[in-house]
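Working notes, beginning with the structure itself.
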C-alpha cells in the first residue's frame, strides 16, 4: 500500500490557484474557538496536509487516535485526544472543525471557487483550464469541463458533457458521456450539517492506463490523497465511486454499483450490477461479487460472494434453495 | 404541514411565459369528451390549480374522493365521484384525463416548450433565463441551464453541466456537476401511457439554506406544489428525489438512494446508500435507515431500520445472525 | 422477434463516416495472429456484420456455436469451433479477438472518433451533426450533442445536456435532461480487460413513437443490431438499459432500475424502482415486477414477482410474513 502511495505522488499546488501557507504558531490563533492547548514549540511553515497513508513535508496531520509514527520535525499533529511519546501537538476540542478551519484557510477548496473562466480555453463547447496538461492526441467531446491541474495523457478519449476536476489520467483511458470525475466527496459531519460545513477535499482522482469509465458515473476526488483506479479496470454506467476508494487492476464493475469511501478492491475482481460495498473494507484479489450483493465486511482473495449481507455464494445458493422449498 | 405550505408560497406565474386563464363555465366545454355533469353555477375565472395540501385563489381542484373542506366561492371542484355537501362541482368519467386536458390548456407545461433561447443570457457556456432571479454572489459553472422563474440566493454554488428549472434555491446551497433539479416528475397513467399523455407538472423544487446536492442527482419538481429539501440537508451522488417529496432539516442521504413520490422525511434523519423509500409514506424525525434498506411503510420518530422490507435494525441483525446459523 | 428485426432495419452507413470494406480472403490476413484455418473459397466483399438475430447482405457472422441457418453465399462465418454442414468458414483460436480485430478495421467505432466538429451545427450550445436528420418541429435544449446518423422525427422534445448518438427516434418522444442515449455498451472480456480491448459496438438505439425517457438515464446502443424501446413506454430517472435490450409497448419503469444486456421485456409490463433484471432473460407480457426485485430468470406472461431472486409476489408476501413471525 505504501508502495501505491509513493508511486502516485502528485503536486498539490498544480490543483490550486492559491495555497495559503501558515506558520505552525499561527495555527493556534486560527483554532482559537476550539480551545487549542498546549502551545507548541515548532516554528515550521505549513504547506500541505498529511493523512495516515502518506506523510508529506511541512504538513499538518489531524488525528483522533494516538500518533504512532516516528516523530518528524516538519509535521504538526492536531488531535482531540492526549498524545504521548513526547511529540509536539495541538489539542483541540473538535477535530472535524479544526480540519475545516485550517483547510478552508489554506485551500480555496470548492471546485469552482478556485478559478475563473478567463483561465480556460474554449473548444467545441468545452472549457479546458489553461493550467491543465493535456496531450495533443487526447480527444475531447463537446460541452466538457476540464479543471485546473488535470493531466490527461496520450490517446485518452473524453466523450461529451464530461466534467473532470482534480484528476490525473493516464494513456488510453476512455470516459463516457455525462460522467463526473473528481468532484468533492461526501464530507459531512452529523453534528454540523449543511453545505457551509462540508469537509474540504483536496485530493485527486488517479485513473491508470487503459481504464474505461461508462456514462453518467461519479468518481469523487480523494479527501487528502486520492481515489484510484488501476490499469485495465472497466466500469459500466451509473456507477458511484466514493472518496479514497482504491481499485486494483483488471477489475470489472457492472452498472449501478456503488463503492463507499476508503474501501480497497484488489486486482482481477469482478463485481456485478447494483452491488453495494461498505466503506473502509477490503476486497481481496480475484474475488467475484454477484449482482445485487451488499458487501459489509472485508473478504479474502478468491472469495465468491452473494446476497445481503453478502456471504459465500455456494452457501447463499443453498440458502435460497432451502428458502424456496420452505415456501409451498 | 400546513405551516410548511404557507411559509413556502411561490408565484406560479414566475415560471410560465403564458398562463391561459379559463372561465369556470368554459371548463365544461374543454372536458366535453369526459361527459361532464352537472353544470355548475359558478362564474369564476380560473387562474391556478390547487392540491389537497394547499387551496389557492381562483383555482380548480381535482378529486377522486369526497371534498371535505369548507366550500370556497373561488374554488372549482372536478371529480370522478359524486360529491355531497351541496358543493358545486363538475363530475367527469376520467379524472386523470380531465387533469391533463385542463393543465395542458392553462400551462404550456413542458420545460423547454415554455420559453425560447432569446430569453436567455449566455455566460461561460451556461444559458440563464432573463426571467430568473439570481443573486450577484452566486457562482455558476460552465454549460448549465437555469430556466425561467428560477430564484437563487446569496453565495450559492452551481457547478458544471447542472440543469435547474422551476426551482427556488436559498442561500449557501451547493449543487454539484451533472445534476438535474426541477425536471418534470414521472407522471404516468397505466391506462394511457406515452410521452403525449404524461401528467403535466407545474410545481417547484425548494432547496432551503445550506442544502448540499451531490453530482448526477435528479430532483423532480412538485406536481402542483413543491418538492422540498430543508435547511442543512445533504445529498451524496446519483440520488433520485421524486415529485412532492418533503425532506426536513439536517437530513443526510448517502449515494444512489431513491425516494418515491410524495413521501415525507422528518428532521435529522440519516439514510444510508442504495436505500429505497416507497411513495406516500412518512419517516419520523431522527430515524436511521441502514444502507440498502427498502422502507415500505411509515416509521415513527427515532426508528432505526434495516433490510427489505425494512424492520427494526436490532430485529434485523438478530434475524441475519439466525439465518447465518441455519446455513452450515 | 424476426418481425421486429425486419421492421426496424437501419442503414449502417448512416452512422459512420468511413466503413472499410474487406475481401473475404483478406480477412484471413487480418486474423493471422489467431491461427485462422482452413482457408475459404468465397470471394465476396464484406460490407457489414451479422448477428444471429439478423443476417445482413455481404457480411460476417461470429459464432461460438454451430451455424444452423441455411448456407448463404454472401455470408462469411468465423468461429472458434468446428462447423459442419459443408459450410465455408474461418476457424480462429479466439473469437472475441477476431471480432475486435475485424470491427476495429471496418468501423472507426468510438463515438467521438468517427467524426470531427466541422461536421456539426451549433445551436444554443448544442452540437448537431450535419449528418443527422432532425425534423424541423423537434425541440432541442441547450448543451446537447446529437451525433452522426441520428434521426429524430416530428414533435420530439430533447431537453438540456442530453447526449444522443447512433439512435433512431420516432415522433412525440421526450428525453429529459442529462441522459445519454446510444453510447457504447459495456463490452468487456475478462481475459483481456481495458479500454483498448473494449468490444466495438456498431448498433443503434431505437425509440418508438411516444416513448418517454427521464433525467440522467443511460441507454446503450446495440452491439450489432439495436437496443429497442417500444411505443408509449415510459422510463423514470437514473435508469440503465444495457445493449441489445428489447422493451415492448406501454412498459412503465420506475427510477434507478437497471436492465442487463440482451434481455427482452414484453408489452404492458410494469417495473418498480431499483429493480435489477439479469441479462439474456425474457419477461412476458403484462408482468408486474415489484420495486427492488432482482429478476434472475425468464418469467411468463402475467407473472407478478417480488424479492431477490424474484418469485411469485404472493409467495414472497407469505414468506415475508412468516419471516416476521419468526422474529420475536
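Chains: A, B and C, in written order; residue numbering restarts at 1 for each.
We adopt the following convention: contacts are C-beta pairs under 8 Å (C-beta built on N, C-alpha and C of every residue); 3 or more make two chains touch, one makes a residue touch a chain.
Remember, predicted model here, so these are calculated numbers, not experimental data.
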Given over half shared residue numbers means same and under half means different, the chain A/chain B interface is different
Field rot_deg for pair chain A/chain C, CA superposition, rounded to the nearest 5 degrees, holds 120
Whole-Å distance, C-alpha centre of chain A to that of chain B, is 33
Listed in rising order, chain C residues that touch 2 or more other chains are 125, 143, 161, 178, 216, 238, 256, 274
Per the touch rule, the chain B residues reaching chain A in their complex are 124-125, 139, 141-143, 157, 159-161, 172-174, 176-178, 209-212, 214-216, 231-234, 236-238, 250-252, 254-256, 270, 273-274, 291-292, 320, 323-324, 326-327
The chain C residues in contact with chain A across the complex are 110-113, 117, 120, 122, 125, 127, 143, 145, 161, 163, 178-180, 183-184, 186, 188, 190, 193-198, 216-218, 220, 238, 240, 242, 256, 258, 260, 274, 276, 278, 294, 308-309, 311, 315, 318-319, 322
